[in-house]
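In what follows, structures are represented as structure tokens.
Each of the two complexes below includes subunit A, the first together with subunit B, the second together with subunit C.
Let's look at the complex of A and B:
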């Protein structure tokens, strides 16, 4: 009881000493920063400890949203079959952005950002539904979407790692260019997918669970293992936490950065197939603003925007929270404007909590240190 | 040769191979507008060649089937006349870019300008400028608020779409004898004025029949948002009697969501009149039973009328010596019975 007031009064007192640390980090002799220190503690434990507590809080938010739904539409929630179907519909809604978000989580933990994910999904979707590609059947369509996704990711990664472009600029340029190419290829038309195998991805259930949900689960599990149980994951945390220290420790920072963007591209390719299956078609305007959905989910999942720390499970929960809010507003017949305002409020709240926990605003300005290495 | 470089060679080769394969995969059958949509109007001697006319044309470059059809129709219609030269300028990404593109168009001294603005209000001043410079402006679809900013305004009827859709739904429900029907609506982009007009027409007319919308979601004119919002709407309403979806382009996604949810207890009305929608209505194997038109054929008509304005001629069937100042297309209802008549206007 008596402990809490001093704790809050300490916050302003603590913030001035942060500034020298910030200028030091920006200088050539980058000392292990706050973020890296946290990263070093948690890179092996991954989602345990700090992350687990945060994830538990997100689960709490989900339970609260469920309770609000049950209270406002008790007529629907009284039917268990409907509740089950509704939960699956939320997971299906979360599946495409969820896959994109796994790739985004890696990029952000690695100290970067990928604004081009929505455009890559659209380009891969359009490319895999052209008349020529569809003539190769489902295998050809899947191959095309994934190769296009990875190829665009490699271009992003090359520009950033070897061309020394700031990630924000490089992927912003790709956002514009990839949508342009998608519009060119599709001639601005909607391309209908005639392939029943591809379309079946979105309409088939196995053991009562939609295939889309299995794909999301597979990508999340693969992402979790890659981040928490492999050298690649530990290097990602190291590169994002302190690229200079990572380089001195013998990590090829440039090559690793390249691979992170390729990984994001791969996730976009998979997402493109899922989205094309859902819409049974593709067009250059699809997956609009997915980059913002994915970044928002990563942030409320507790990944530092400055890199060096983050969890896959947190990002997944972030996506599911957003999907649940969409669902909650839909079943109550409320407007999309109100829905977007609530989502904005949740992002701000999540970031504020992050700042209080780390007691520093400066974390936001430490991205892209890679370019100085 | 180390193992490392061999691996590089392997990956490099695979990458090149994939690139070659993929570049072959970008081809699409190009869709040319049907002859009926582009043929010069006959009767009244309007089709006879007259004075050579240069028409400047500008429309937004959005990735949407309807907008693409507007530009394609305009080009094809101009090509059908021996006495018309079309100078088309890319409108760029927003109203400011379109304004810049239009200023280069004015310097080329066209006889008439046909313009579908990004936003009628934002480009109103350009219309005034061009008219003051003695170049008649044909304002296509998105209206200039100022009557002095155009010589001719030709547009679709957004409010009327809502009216037609509501009337069709009310008639069908009455014929089926449904009491207390559940009616749902999937709108297009909510921030656009045209969406608000469509919704107002729909609500006003439903109210006249003593009906109302139970739930409404707004998509963004794209297939994936159509699927997303429809899936949520179906979840919100376990039983539905009728749905109006504003836009046939996003309707592809809406129909996908409906079949993914295994729902068919209701019927659906579309909007705009795409070829795909008309084929679905004619085949009668989906819930889509009708669509209310908002046809991009208006671009073809705009070119024809711009030609007459440039030549100082009136419309063949009208008594007046000049082309009228305003034309609002009626929103017609396409059903299984008349779909074959409208197929040629599908886009």
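Let's look at the complex of A and C:
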């Protein structure tokens, strides 16, 4: 910079308000930012509001689905009793996958994925309905289902956290293996549940609401509290959001990863009881493709697939939206195929929204997506 | 990008029509708001061809936001941006690059799983018939790296495998791979050691000699004096002074225009003949092949020990090994007499160690989470009973830290992602200031922190030491090590080459020790 003095040495300031001569005054008068004035709204515009806004949008989708139902089957919807009963049946339909989804939400926020949930439900269902297990009564059956679920989850977690397998691969292998074991145990037969207490879980109403719905509510509330109010939840977000930062902050990332898969297994155990009660039987093919339903619900609910952010309420709304669509197609007598196409479209839409909301920075340099000015 | 097949020609030759001294960029009353924050509140800026125009301002003043407006990342809400006489509004970063504005961002934005060459030419790879010309790309990258004084970085190496300073070089290479008329550098020196900064300045001089304009952001005034031509000062999103001469404007004036007050940029006094406690940390013969060898050191309670050395001298690796984030091949780390389990951060934290790592974004922060949750990331279980966190207490504690470090904005529920770089750094360091830590490992704690907040941070560290906390400090800024530490270790190529009281060393001695391949008495004093 020795050779271009005119450009570099002092020039008359070009913009009057910032003349150096005035800086004393400018410094003194510089006002604080407007943050204070707008701070009150910041929960809504700011980051903490993102989840809330999104969930509100999901509620909007539910209202729209309700409106579609009312428009297409006004004959049914004109009867309030039918509407109430239909809502309960939607919730009942959502309950089993809903419980699985709570566990899945934790795993995905924690940066993993669990493809084996459907298989775990089947294995736990089959194991708790063997003749030997049934001889211990309802308590023995519930205990067995939960122990099997947690144990399989621990195996998943150990492989992933300590064996350094990619979650996708480890749980895919478990999907195959657990269904195989379930077929082995049941000898590919359907095992009837003789236990009236277990079967009653699906057929009993309390205060007019099915017990299955209470179970879903209990699991969702427990999951919400665990995620939002406890150290376990805090670790989950840290481990999924930035594992290196979590590790350097003294969090035992491996142990926590293990626990996340165990938690998912626990939810599968609970779901196994619920599903067995609904069918009054269990077989190796039960809970088919639950992993897809659960993952789809989690994505629709706004949880980042890359981990570190997500909500239980969003996942619950995702499950209910799917159940409502199923219900909508059923009451209109439409095919499962059409229904699956609509669900696929919803998943794509949800992911697109997610990219617009969170992914703007990563899109930043992906040249081919960007148009020129 | 297909319309400029040879955009890969990387040599930074100024476009032929560049006239030195002509105003290339003018901003008038530029405003940019984020939800709840007015980041730019009427900015004026004028940049001429061939000059180094420095932007000064406190953390959160709006410097990075301003350059993101120029780089097409953000669109201004109002105001005028004139580029080479034409009003412009860049729709995206590519548009700005095509117009001749290249940017090195404060937070590295490299793709970790692409090679050095792929990163350097990301978005404008030399192509023929739609195929990337990999050979040509590698050749150009090698040329640029050579110009940058880093011919040793292989163009084919994955960026993930590079150290922090190497990544900085790659982002510089990316900016130089464009045919640019204006190169913007947002705190490029923050991750660089002394000799690297010299290197950077040499490159900047080459660029400006060709008539290319440079916007240079740094919190180090001495750098601005050395390389800058004119200075524009921002405060709370406004220009408070424009086009000051970089060399002759008194520091006092610059600081008062930045902060609205005067700050004594000095280090806190060392307590006189202070009674140091007993030895807290004892490291013996610590070795990791290729990183550092046979390092022994001690830190007493209440003592601040500084480590000086170049980036790549093994300082950060040593810190991480003491902390258990890396496993030593041989040697022991003892804390208050008890050996720490090697390779276990958990054990180190339980023994009372805490480390603020070198790279805030990848090693320390949960960007989407609120400030307070980041501050308490290592300690949240302290505010919990039976696993349930008392969020009120947690926020109050985080708020106390935010206050003492002058974090802005002060709302601790804001996502860390929305903070300016320097304020993010305060979050990283603040995490370990909540109390309960007996030995603090600080790796470049003031990276990107402004002059005023730096003084606060030094006070806080000194205060902790006075309370009996031991501190091990790594910094690329020699004055910082000499000013803050009681005792200084100088590292070169993975070995401690000198240990001395800070008072016995001066900057030049340390620099000589750090750099020299010359005759050094290798024995620690």
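Heads up, the rule we're going with is that the second predicted complex is superposed on the first by the 310 of 373 C-alpha atoms of A that agree within 3 Å, B and C clash if a C-alpha of one lies under 4 Å from a C-alpha of the other, contacts with A are read in each partner's own complex, and residues count from 1 in each chain.
Keep this in mind: a residue touches a chain if its C-beta (ideal position, glycine included) is under 8 Å from a C-beta of that chain, and two chains touch if they have at least 3 such contacts.
Predicted, not measured: the structure shown is a model, and the values here were computed from it.
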- Have a look at where A:113 lands relative to subunit B and subunit C in the superposition and call it first, second, both or neither. neither
- Query: Just subunit B (first), just subunit C (second), both, or neither: which does A:336 touch?
  - Reply: first
- Partner chain(s) touched by A:92 [first = subunit B, second = subunit C, both, neither]: first
- Message: Just checking: does A:282 make contact with subunit B only, subunit C only, both, or neither of them? Give me first, second, both or neither.
- Response: first
- Message: Applying the document's definition of touch, where does A:241 land relative to subunit B and subunit C: first, second, both, or neither?
- Response: second
- Task: Please indicate which partner A:183 is in contact with in the superposed arrangement: first for subunit B, second for subunit C, both, or neither.
- Result: first
- Task: Could you say whether A:133 touches subunit B, subunit C, both of them, or neither, answering first, second, both or neither?
- Result: first
- Name, in rising order, each residue of subunit A that touches subunit B in their complex. 76, 82, 85-86, 89, 92-93, 127, 130-133, 136, 140, 144, 147-148, 151, 179, 182-183, 185-192, 199, 202-203, 275, 278-288, 326-327, 330-333, 335-337
- Message: Quick check on the complex: what are the subunit A residues that touch subunit C?
- Response: 1, 3-4, 6-11, 13-15, 17-20, 23-24, 26-28, 30-35, 38-39, 41-43, 45-48, 229-232, 234, 237-238, 241-242, 244-252, 308-309, 358, 364-365, 367, 370-373
- Message: If we count contacts the way the header does, which residues on subunit B are in touch with subunit A in the complex?
- Response: 15, 18-19, 22, 24-31, 61-65, 67-68, 190, 214-218, 220-229, 231-233, 235-236, 238, 249, 252-253, 255-257, 259-260, 276
- Note on the structure: Within the complex, subunit A is touched by subunit C residues 1, 20-22, 26, 28, 33, 35-38, 41-42, 44, 46, 48-52, 73, 89-95, 98, 109, 111, 122-124, 205, 208-209, 227, 229-230, 232-233, 235-245, 253, 256-257, 260, 323, 325, 345-346, 348-350, 355, 357, 362-370, 373, 377-378, 380-381, 384, 387-389, 391, 409, 411, 413-415, 417-418, 431
